[in-house]
Each structure stands twice: as C-alpha cells, then as structure tokens.
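Chain naming follows the written order as A, B, C and D, and within any one chain the residues start at number 1.
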Amino acid sequence: MVPLSWYLTLAAALFCVGLYGVLARKNAVAILMGIELMLNAVNINLVAFWHYLEPQVMAGQMFTIIVLTVAASEAAVGLALIISIYRRRNTVIAEDVDLMKW
Amino acid sequence: MTVTVDQILFLITALVTMGAAATVVTAQNLVHAALALIATFFGVAILFVLLQAGFLATVQVVLYIGAISILIIFAIMLTRRVMQDSGPQTNQQWWLAAVFALALFAALWVVLQQVPALQQASGSLPIPGDSLQLLGFGFVDPNQYLLPFELASVLLLIALVGSIVIAGEKQ
Amino acid sequence: MDIGQFIKDPLGVIGAFLTSLLAGIGLAPQAIMVIEMIIGVVVIASAALVLPLFLIWFERRVVARMQDRIGPNRVGPQGLLQTIADAIKLMIKEDITPIGADKLVYNAAPILSVVAIISMWAVLPFASNIIGTSLNVGALYIVGVGSLGTLAIMMGGWASNNKYALLGAFRTVAQLVSYEAPMILSLLVPVILARTMDLNGIVQAQSVWFIVAAPIAALIFFVTSVAEVGRTPFDLLEAESEIVAGFHIEYSGMKFGMFFVAEFLHAFTVGALTAVLFLGGWRGPFAEQVPLLGIVYFILKAFLGYFIVILMRTTLPRIRIDHMLDLNWKFLVPTSLSVIVVTIVVDKLIQQAGITNDWARSGLLFLANVLLGLAIFWVLSRAARSMRAFEGAAGEAHHGGDHAAGHLAPAHGEPAEAHAAPAH
Amino acid sequence: MPNDWLFIGIFLIMGAVFPGAPILINSLILGPKKSNSVKNSVYECGIETVGDTWVQFKVQYYIFALVFVVFDVETIFLFPFAVAYNQVSIFAVLEVVFFILILAGGLFYAWRKGALEWA
C-alpha cells in the first residue's frame, strides 16, 4: 500500500511549487494559476486524510467540494479583476499596477 | 521492501503531476502554462481515483478541466499582449521566492517526519460503498453540512454578481 | 459450452472461457483481469471507431433523400464502401503542419477530440449485463469526458497559428460552454428519478421510460446535446458561408479525418445517451432474459435519436449567434432549473403520499411537466407580446429607422444577416 | 470500484492509441512528404496572412464562461443530493429549492444587467 506520508509529501511539494509561482511570476493570470495549484495541493491533503483516517465520515470529501467552490469563485472574480485592470491600464503585469503603492 | 503496483502507479502519477506543475510556473508561453495546469488537474484527478474518491475525481475533471481552465484560457486570450508574452516571465525576486518555497517544503517535510501517526496510517480502513449517498445526505442534513451547502450557493451568487460588475462594465 | 447459459450471460461465458484459457498458460489472476479488460476495451473502442464509417454513409444517403438527390451509390452495394474509399483517400493525403504551429498541441488536439467521445462508450450499457463498466458516477463521467472535447477544440484552434481558427475555436467554445449548463441540469433529472448516477442503474429504473416522467428535460437534453455536437442548426463553428471552416481549418489528412469521425460519433452518441437516459436504453420485450436482444433495442433507439439529429440538420436553417445564446441563457437554463425544482418537489410529495406504482408516479410527474410547460408557454407568450409592443413603439418613434441597431450581429467579420424588420 | 477505474484508465489510453495510429500511418508512411514553404504557410482564407495571430476578443466570451462555471459548480452539489434523494426529508428538498432559487437570482441579475446579450 501507499503510505499516507507519500501523499502528504506530494501535496506539500505541489503547494510549494504553487507558492513559487505566486511569488515569482510577473503575469497576474500566472499568479492565479499558482493559487489554483496550491488549492489542489490542499485538496490532495483533504482527500488523503479522509481515505486514511476517517473514511466513514464524509467531512473530508465535503470540505474538498467546498474548496472547489471557493476555487471556482476565486478564479471567476480574480480573472474578472485582471480583465478589468487590463482594460483600464493595458497591462497584466502585477508590478505595473502600483497606483496604491507608497 | 517490495514495490507494489499501487506504489508504482502513485509514483508515476506524482512524477507527471509535479512535472506539469513545474511547467505551469516556469513556462514562457502562458497558454502552455495553462495546458500544463490542465495536466496537473488531471494528475490530481488520478490521485483521487487512487484514494478511492471516484466522485471527486470526476468533479475534478468536470469542474477544473471543463470549467475553470476554460475560464483561465479565455482570460489569457483577453489580456494577451505580444510584448509581454515573450521574454522572462518572472520578476526580480524569483530567487527569493524559490528559496522561500524550498524552505517551506523543507519545514513541512521535517514536520511530516516527526508525526508518527502519519507514518503508521496504512489505508486499510474500509471505504463505505455508499459514500456518495452519505455525501448527498450530509449536504442537506441540518446536523451536518447544511450551512456550508447554503453558504456555497450564496458565495457563488456573490462571485457571479461581483464578476459581472467588475468585468462587464462598459468602457 | 452451454447455449442457454451463453444467451443469458454472453460476457460471463466468454470471460470464464478466457480466464480458464489464460490460467492454463499460468498467468496471475490480476494479469488475467487486466488482459480481459484490454480485450473488452479493444472490442468496444474498435466498434465505436468503425461505426462512423457506416454513420457517414447513412447520413449522406438520408440527407440526399431529403434534398431529392441520390447520394453516394457507386462504390460497393448502395455505395456502402464510399466512406472506406474516402478514408483511404484521407490516409494518402499529405500531412501538413503549418509554419508557426505549436507541434505538440496541434497534433494532440484531434486525438483528444476522439478520446473525449469514445470514452463515453466505456459506461454505455448496451444490455443488462453487457456493459464496459458500470461506474457509480457514470452520468457525471459523461459530462467530464465531454468537456475534454471542448478542450480539444480550444487546443486545435490555438495551436494552428491562424486568426480564423482561433476565432472559430472561441466562438465554438463559447457555444459549447453555454449549452453545457442546461445539458448538465437536464441530465440531473433522470439521475433524480433513478436515484443513481450509474447509467445501467438509470436504465434499470426505467420500468416506465423517463421520457414520460420528464418530457421537458428529455427535450432540453436532446437539443443541448445536438448543440454540443455543433450540428445544424447550431453549426456556427463551421458555418461554411460565414467563416472559413472554424477551428480545424489548418488540419489536413487523417488529423482532419479524426475531427470528422469525432463529430459523427458524437452525433450517434447523443442518440445513444438520449436512449439510455430517457428511452429506456436496452429495455424492451424479453431484454432481461436475452441480453443480446437488449443490444438490438439499444441500437434501434440510438439510431432513432441519430435519425432525428439528421432530420434536424436537413430541415432547420442555421441560427444567428446572438439568437443561439439568447435561446440558451434566457430560455433553456431557466426552464431546466424550473424542471429540476418541479421534479424534486413533486417526486418527494409522491413518495410521501406513498404512491409506489411506477405508472402512477410517472403519470403524476407527466402532469406536473404539462402544467410547467403551460406556465412556460404563458410566460413566453406574454414576453413576446410585450417585446412586440416595445419594438412597435420604438419603430414608431424612429419611423422604422435603425431600431435594429441594438441587435447588430457580432463584430467578428461575418456578414450581418438581414434583420427582418417587424411589421408595425 | 478501483477495477471500474482501471477499466476507464485502460479505455482512455486505448482511446488515444486508436485514433493516433491512423494519424501516424498517414503522416509517416502513406502520406507524401513533399513540403515547401508555400504549402506549409498558414492557409487562413486563401490570401496571404497579415499580421500576428493576435485578435482582441470580446469580454462577452469571458462572461458566458463565468456564468457557466457558476452553474457547473451548482450541479456538482446537486448530483450527490440526487443520489441520496430517497433518504432525504421534504424539508431537505425545500433547502435544495432554496439553493437553486439563490442561483436563479444570480442568473436573473445577469439577465437584467445585460450580461447575457451577445452584441
């Protein structure tokens, strides 16, 4: 059998790759993709814990679906913001949006 | 230690998923990054299958590959600039980000090693055959997850209204 | 081998025979299982891929008859081998990849488009015990692999390095994505009625066909599925007279052929899915006892659906993109939402009232559907009346001037169709 | 259940091999290979290509995809409910009706805002 720690390690690695994408990418859409990776890593964790620790309680799967909902909402609103910024300022580079920067 | 079929499947899936994820954060071309993201989603779906959560695997494909990635590709096309699509796609602090991500991974790994319960979990617990029914019943049971269920619909409503207000304004 | 046993459970007999054969060679049980699965997959997949050869001939003949022509009748008896000749022609065509195309994505797109359709066949119940696999999330699985087809179109259009292909792909994806919403919603209705997502379970629950209990959902499912295939009247993706050919313009040879195969196979799969979800699938006289008879019923019902798709193609004109999207978002989605609400409420009330007879239950649900249909009709006629009054007033104000301005066709270079000015 | 998914996995792989084989036979063996730069250039509509493959898309594409995503997520919640339909009470059904009505409100809002118009 595959030990639980393998899944957790994979999820941690996926989370860190996503985090790198969020921190290092210039393009705002790419930053959002990094966030999606991180949310997926969280989902792997949730499902792995459900499978290994409490398969008769559906909380793990339930939480995963809520995370999916949040991911969908986040993608929808985030991308809408990016499109709006692009139409006003003609850029999708996160660093160029610095009007509020002190 | 012998390697079982399960473990081989897991390792292959994990390798492909991580490779695709690495492409997502390094690809110069954003559309390539989006396609790699789809591959990552698919890899995660296979992991869900290996964890015997078939419903979630299907949801992963329907929702992430069928809906969210389409949204992302549309957004990429709507905000495409020839100038910004070429050249390096990372900012000046990318090395700092890499160090930070690696440090976080190291920290998580150390934590994983120190919790014995995580090493011992064998996955031999029986999976209920009617897990789908349990899930559906849990959604509408006031003693279980009714509140998140209704809140999800409110959240979706807010996301819909907000996105239309933000993206749909006339220039 | 016992003939009676074979008639009852053909797959079981063949499986037992294969198992004993392979065990004789000395293979492990797991290996035998995998080999049997591979054999099953090869049988289903090759059947699904050979089928379009016949479907294309069938469609060409029917379309020709509708248009008072003869159709292909030279190659082979009744022109049956015409498609094979066409396939050979496609095979010896040069395979061109345009300059600047993204090689990997460009080549993966046609394969993915076939995979998306063919994978649906893995869960289709051909008979009571002849089925690829009865997945417990079958209905959702159909939606999931169907969305891979959307992805293939997007990949093909983007990778071709061609403005028109990209535009065609985007229009297509906007259409597919829009029509997927009411399709999933109407797919939910048979799942509610059967209380399972397993397609074989859905068929088994249909002692009374679900088209009786859910006629509106059946209609919406069928129409939206046809839109998903991109057939006339929803063929804006390859409207020959408007845009060049849509997303697959740069493809040649067998890669184009694969998009073609995917379309025809998808059209037939629409018929098959409608048969499974609403027309009782393999159900029919003696289908329980003789599964092979179930296959015949299933194929007949699927062909009925496919035939209606062809009739729609030959009779209806193409609709404009704004009308198409209006039809979807302002009619089909609200209607399917109200169908779901009516179904879950009425079915629960029936259950609470203790009515267990399937005919009584279906009849009551049918009644509810009829009432809902009348209500929808009433709302629509009121909306149409107020719209006419509004347009009439606008026309008076502008002396029949440019009241069509608000309805101008989208700005993607297709000629604005003549806007029929309403009489005032 | 894992066996079902093994079958699906084999099916997906085979489903890729079956259409891939004729394409490979076509491009590697049977098809002629006399390419030149004109033949390989982008076809578009027959005349020579002008400019880069960059077109400004309407934001409308995004809006439709957005509304679709919201309804997709909604159905994900409803499918498990449909499977558990036999056990739930009439009260639970009303909750689901409420759930659907909230999202129908979102659709209604999009409609009134004119977000569902194409032009």
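In this text, contacts are C-beta pairs under 8 Å (C-beta built on N, C-alpha and C of every residue); 3 or more make two chains touch, one makes a residue touch a chain.
Bear in mind the structure is a predicted one, so any value in this text is a computation, not a measurement.
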Pair of chains joined by more contacts [C-beta pairs], A-B or B-C: A-B
Computed distance of Cα centres, chain C from chain B, in Å: 29
Averaged-CA centre spacing for the pair chain B and chain A, given as whole angstrom: 6
Cα-centroid distance, chain B relative to chain D, in whole angstrom: 18
For chain A paired with chain C, centre-to-centre distance based on mean C-alpha positions, whole Å: 33
Touching two or more other chains - residues of chain C: 135-137, 140-141, 166, 170, 173, 177, 180, 197
Touching two or more other chains - residues of chain A: 65, 68-69, 72, 75-76, 79-80, 83, 87
Multi-partner residues of chain B (each touching 2 or more other chains): 52, 54-55, 59, 62-63, 66-68, 70-71, 74-75, 77-78, 127, 132, 134-135, 139, 152, 156, 159-160, 163-164, 167
Which pairs of chains touch, using the document's own definition: A-B, A-D, B-C, B-D, C-D
Complex interface listing, chain B residues touching chain A: 4, 6-7, 10, 14, 17-18, 21-22, 24-25, 30, 33-34, 37, 40-41, 44, 47-48, 50-53, 55-56, 59-60, 63-64, 67-68, 71-72, 74-76, 78-79, 81, 84, 88-91, 93-94, 96-98, 100-102, 104-105, 108-109, 112, 118-119, 121-128, 131, 134-135, 138-139, 144-145, 148, 152, 155-156, 158-160, 162-164, 166-167, 169, 171
Residues of chain C defined as touching chain B within the complex: 30, 102, 105, 135-137, 140-141, 143-148, 150-151, 154-155, 158, 166, 170, 173, 177, 180, 197
Chain D - residues contacting chain C, complex: 1, 3-8, 10-12, 14-16, 18-20, 22-23, 25-27, 30-35, 37, 39-45, 49, 53, 55, 57-58, 60-61, 64-65, 67-68, 71-72, 75, 78-79, 82-86, 88, 90, 93, 96-97, 100-101, 103-104, 107, 110-111, 116-119
Complex contact set, residues of chain C against chain D: 33-34, 37-38, 40-42, 44-46, 49, 90-100, 107, 110-112, 114-115, 118-119, 121-122, 132-137, 139-141, 160-164, 166-167, 170, 173-174, 177-178, 180-181, 184-185, 188, 191-192, 195-197, 244, 249-250, 253-255, 257-258, 261, 321-322, 325-326, 329-330, 333-334, 337, 340-341, 344-345, 347-349, 351-352, 406-411
Complex contacts: residues of chain B adjacent to chain D: 46, 49, 52, 54-55, 57, 59, 62-63, 66-68, 70-71, 74-75, 77-78, 80, 82, 127, 129, 132-137, 139-141, 146, 149-150, 152-154, 156-157, 159-161, 163-165, 167-168
